[in-house]
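Note that the chains are named A, B, C, D and E in the order they appear, and that numbering of residues resets to 1 at the start of each chain.
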Amino acid sequence: MLMAILACFLLPLFLADSAVNNLAYCLVWTFAAIGLSAMWGYGGILSFGQTAFFGLAGYAYGVFTLNLGESPLSTWSGVVVALVLCFLMALVLGYMIFYGGIKDVFIGIVTLSITLVFETFMAQTAGPQWAIGKARLNGFNGMSAMPSLSLPGLGGENILVEGVYFYFAVLLMLAVVYFGTRKLLDSTFGLTLESIRENPHRAEMLGIDIRRYQLAIFVFGGTLAGLSGVLYTVWGSYITPSSMGLTSAAMPIIWVATGGRKSIPGAIIATVALLVLSQELVVYGSQYALVIMGAILLLVVMAAPEGLGPTIASKISRLSKR
Amino acid sequence: ADPIKLGLLEDASGNFALAVLPKIHATQLAVEEINAKGGVLGRPIKLIHYDTQSDNTKFQELARRLVNTDKPDVIFGAFSSASREAIRPIMDKAKQLYFYNNQYEGGVCDSNVFVTGAVPEQQFSTLVPWLMEKYGKKVYTIAADYNFGQISAEWVRKIVKENGGTMVGEEFIPLSVSQFGQTIQNIQKAKPDFVMTLLVGNIQSAFFEQQAAANLNLPMGSSIQVGQAYEHKRFKPPALKDMYVTPNYIEEVDSPASNDFKKRFRAKFADEPYISQEAANAYDAVYLYKAAVEAAKSTDKVAVRKALEAGNICTDGPSGKVCIDPKSHHLTHTIYLAHVKADHSIEFPKVWNDIKPYWLGDSGCNLAVKADTSQYTPANPPKR
Amino acid sequence: MMETPLLQVTDLQSGYAGSKVLNGVTLTLEKSEIVAIIGRNGVGKSTLLKTLIGILRTDSGAIELDGRDLSPLTPDVRAKAGLGYVPQGREIFPALTVEENLKVGLQMLASKGTTEMEMALSFFPVLRAKLRQKAGTMSGGEQQQLAIARVLVGKPRVLLLDEPSEGVQPSIVQSIAAKLVEISGSLGIGVLLVEQNMNMVEMAATRCCVMDKGKVVEHLTKQQLNDAELMRRHLAV
Amino acid sequence: MNFLATVYSYVYQFGDSFAYLTLSALGLAVIFGMMGVINLAHGEFIMCGAYVTVLTAKQGVPLPIAMFLGVAASAIAGVILERLIVRHLYNRLFDSIVATWAVSLITQQAMLIFAGPSIEGLSTPFQPFQLGEYSFSTYRALLPFFAIATLACLFWLFFRINYGIYARATIQNATMARCLGLKTSRIYTLTFALGAGLAGLAGAVYAPTITAVPTMGSGFIVQAFVTVVTGGANVLQGTLPAAALLGFIQSGLSANYGQLAGQIGLLLTVIVIIRVLPQGVGSLFNRR
Amino acid sequence: MIPILETKGLCKSFGGAQVVNGIDFRINEGETRCVIGPNGAGKSTFFKLLIGEHRPTAGSVRFQGRDISNVLPFRRVGLGMSIKFQVPGIFPDLTVLEHLKLVVHRVVRPHEVSDEIDRMLNLFNLSSESNVKAGNLSHGKKQWLEISMAVGLRPKLLLLDEPVAGLSTEETEHTGELIKRLKAEGLTIMVVEHDMEFVRQVGTQVTVLHGGKVFADGPLKEVLERDDVAEIYLGKR
């Protein structure tokens, strides 16, 4: 994985700027997928709520920076504020869910309901009365024109973190998040989570406060989804309620399931692969894009029962053994 | 010669595909016709179409890709206002020449954007007073609960008031609602003289059959029904009985220009369910662009925009002659009042010729002089 | 002329993905015989029964019931052919009521099975009192009794019992043993009894096979079974 | 009289909401509740039922028979889907999310390409009736009764004849069920087909009231999932009270505060219910 | 002597069924107590009330002098109780090693974890299975693993619900020895078992539950000799 990330740092040497920009877009989503994989693959929590955090963070960044301008301080604190908000919302929501004894699919539906409430609500904020400070929420049309991230330059000019710089920034964050997550999940914390996934009841009888662990991983995953949301908003200067709705909410689940729930690299690879694939299909497959996409997904599910990540890994190890 | 690249972002799948497919086909038809006659300035037009799948985030993604990778000379596209607003900032940032070929809620005053669809001052200023005259002054509006519906409803409200009528009800419907029992009863309770329906998408279109089944029996007015998603063809009569719409073109228009257009269209797309007003707008847009390029003698974006703003770019389209208004970048239109009869056949009780998209210009938007990228509403007009 | 045995297992091999557990088990079971299978934990006793009923695929060897080879058949066909299986760990249907659990067993019969049901209930009286209780909320021993009753109502010709005494109170173990002896004798049923409970084995078994490492390593007669010292040696292997 | 009409109008709205929630949910309740398969192609079965109903009715087949054909077609589609795909995923239920989602994508878009963006609809049967200042659709007024009748049939099928027992046994522990002589693969197929058929029924029943388009299924799916899950683990006992409760709240809110309040209220109610009854509404009725 | 655990009037009913019906019970520190009784007597329910999995409908539980009736289960474990359930509750997808790691890291300092795990593997004869997923273990090994987890938590009070069900004779004896050793270390142990030989091996004091009530209580010998106990539970000897 380290090699892969290093290779990604070198990619801009070979790719056109627009391709790098596009790749950055795909990488932006991987955080939400990593979060879900940790939550679902390790903690057994199937959340449909990743896009709610995604949206919350996006809107938070938008509202914050549209009000406070495009200085480096404003944009970066926008990121922090958005993440903190997601953290808090996940904490409250997770507290309600796990300390309220909600389990299994019920978690999925509660999180889905919350996501849809949030979406439905944001979609009707079209009127001028829906504004926070200078930022109009703008309903279904979404918010746009948020500033990009920037860094203070030497000559007083700010350097915009755009294009290749943005790509590097995302890649750097991905590396940090990936290794951080690995470390977290390889520790006894991860093992405890797995035991909760396998048999929550028994885990509790080992003296484990399962609610605390579940809450912790839920908050972790939700905050990562928030990171995706902020970066997405920064990338496109745009956030809309439809990036939270049912179709969008299903996407992280599809990616993670395709990649193999328990495999973080699998989640990353599947996210990027499926996003790139769906774009290329739109470009070259015209109206057959969705049909082909569906067929490919079906094939993957039927042929790679463990998910893409583990299946590829075992293929490689088998090949290298020869 | 080098082809002229025309980027097209339209929904060939998803919720809006139904209304958008005729638009795509009309664009293809116009491009094919022009290429068959030797292209523009001797250069063929190459169409680059990405299917945006009725998804705003896809619009955003693909617009960027189009602008950065394919670098087209002009971009056409977007159906819903939301999708237009998703890509407009990208067009502005890249100073990309962009045509939005759809009727909409009006008010976009943007240097980089040209709009070939009809706007409220063309559709509502004609329709609403006419209906009030004929049926009475009490009006009830149901509208899709997003920017398009809200701003359109604002227009209706304003025009009703200006003409001495009253709004007896106004209801905004979330886009995911398909069950209208309650709405129908609210309308019955309010006893309006007619209902303005500004419903968007397949899901909301369920209203028509349901109001007929519950025997609501009121005349209806709209800027979008019939002309976009041909509800009168999709629903069984008399679901749309006494619907009045003001499109700038629909298939039923019976003029030599229209009939000729329909013939060419059907020759290429024999089983197109309906040739809608947006099909005509998309078709006209290609010819308007052609005219502008020929006037500018170049595809240079600045030059073409200058040409479009000169005030003499017109084309003879399916609905007759249409011209670009230099101030607002919108189009003059002939507006047809279409009345859906009990058997769902269409009659045209009235036609208004050459209605200008005057509101933006009158209230202070003048793109030929002053650059802008905003969208205005009656409540929030341009600052002078 | 040699009569074909009721159940003949020859050189049976099977196992789980990647690991072979049975290394050629051979045994016969005659009518009215109760053959106990004993052995230490993990030697493959349950695997043997799972292979006989068909949950696990036969890798090689044969399973013949009245001379008919069962090995290519699916479990439901084998059940219809007369194998009745009580798995280890009960595996009752927890969300079904006791009565519904029994009805699943009854579908083996062509008739409505009123008498069979009555027979099972009179034999396990705890069940009668709890017919409408969800099986999953019953106590461990009650569930075990249900699992046995569920198979008995289907009138199998060969019973495959995997530790049926587990979790059952001593007095009921005794009566199960007695009942097994009675029905195998009167109805000509053959019973393969996997057991750890030596009391049960002594009370019920007519003969005994000792398993180790996926093989039958020893056959013991009824007399040898009663020799406690001998048994101890065998079980300690 | 007018008071009566107003009262009836509330009842009518409630019934309408209830019927819609129940009928959209039943197919899912069987497939998800009984088999645990998260069937994201639920909407496409609904579409299938609607399309077949409309197309055959257009050919002059009487509406009830057309509806029956719609149901049958969905059930057959269910058999095919189960045999080809779902069957291989029973022990990895989460993968069935991806698989059925893929099937849904393929079906929607293939329908759009091959059957066109829409077909002409039907009219709602029966004349409307008038009560005070309101008029009502007779067909819709009857739907709640139809929904209850359907539920009753299902209840009978699952609890009173042994098929239900066998199906539930299979779903709880297929291996053991097989060892007891059940043909589990046939039971799976039948149950899936039943669920698909019920989804088709929703499509068939609502076909005359909406237009059939390839994406129509998505209009049903959220309500369906929400109702099923609110109903809780015990699907058949849960669906009715869940739909009644949700329908009551939704119709009440939209009558007084508009459709948006109805939509948001519905979702919030779900959250509250699950918070209060973590096992769903059905668990209230479990203690026999 | 101070009792380590004491219950007063402990009751539990499900719906209408009164399963535990006013149990007054006390056990002193360092004692080993066997709890026996017919199937469905309420033994497992009693244990679950002690560990907190069920909430009592009436009555109280005191542990080390503190009323823990309203303390959550995992906190009770933290206070020094641990349980082996009747049905092995394992984590099917985790290896044996991971199970032990999970348990051990809760009670020893990080650098001692691996030594302690090795010690446990040896103690419980699981070394050869250390990398096997628990779901793939034989039934007996699962029981073993379950016991090892309960013991590995180093509780003050150990609750064992049918620890030797499904264990071979040899392993049963081994378990008996283990329990004696733990007792010698001062651990308080409560055991539910139907295997009378095992009960005789480990127990000195016996409590008989019947119908949710304490039916008999006293020294092992005395209780097992009683005719009424034989009638409801032991059967003929």
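Here are a few things to note about the model shown:
The working rule: contacts are C-beta pairs under 8 Å (C-beta built on N, C-alpha and C of every residue); 3 or more make two chains touch, one makes a residue touch a chain.
Chain labels with UniProt names: A = Amino acid/amide ABC transporter membrane protein 2, HAAT family; C = Amino acid/amide ABC transporter ATP-binding protein 2, HAAT family; D = Amino acid/amide ABC transporter membrane protein 1, HAAT family; E = Branched-chain amino acid transport system ATP-binding protein.
Computed from a prediction, not measured in an experiment: that's the story for all the values here.
Common neighbours of chain A and chain E under the contact definition above are absent. Counted as hops between touching chains, the shortest connection from chain B to chain C is 2. Judged by contacting C-beta pairs, the busier of the interfaces C-D and A-D is A-D.
Centroid distances from chain E, each centroid being the mean of CA atoms, peak for B.
The mean-CA centres of chain A and chain B are about 36 angstrom from one another, to the nearest whole unit. Rounded to whole angstrom, the centroid-to-centroid distance between chain C and chain E, based on C-alpha atoms, equals 29 Å. Rounded to whole angstrom, the centroid-to-centroid distance between chain D and chain E, based on C-alpha atoms, equals 48 Å. Looking at chain C, no residue sits in touch with two or more other chains.
Residue positions 13, 145, 172, 174, 176 of chain B each touch two or more of the other chains. Among the residues of chain D, those touching two or more other chains are numbered 108-109, 112, 218, 222, 260, 263. Here the chains touching each other pair up as A-B, A-D, A-E, B-D, C-D, C-E. For chain D in complex with chain A, the touching residues are 38, 40, 85, 88-89, 92, 94-95, 97-99, 101-106, 108-110, 112-113, 218, 221-222, 225-226, 229-230, 260, 263-264, 267-268, 270-271, 274-275, 278-280.
Within the complex, the chain A residues that touch chain D are 46, 96, 100-103, 105-106, 108-110, 112-114, 116-117, 120-121, 124, 246, 250, 253-254, 257-258, 261, 287-291, 293-295, 297-298, 300-302, 305.
Within the complex formed with chain C, the residues of chain D that make contact are 162, 165-166, 168-169, 172-173, 175-184, 288.
On the side of chain A, the complex with chain E involves touching residues 188, 191-192, 194-195, 198-199, 201-210. By the touch criterion stated above, chain B contacts chain D in their complex at residues 13-15, 17-18, 21, 145, 171-174, 176-179, 181-183, 185, 188-189, 191, 202-203, 205-206, 209-210, 212-217, 231, 233-237, 239, 271, 273.
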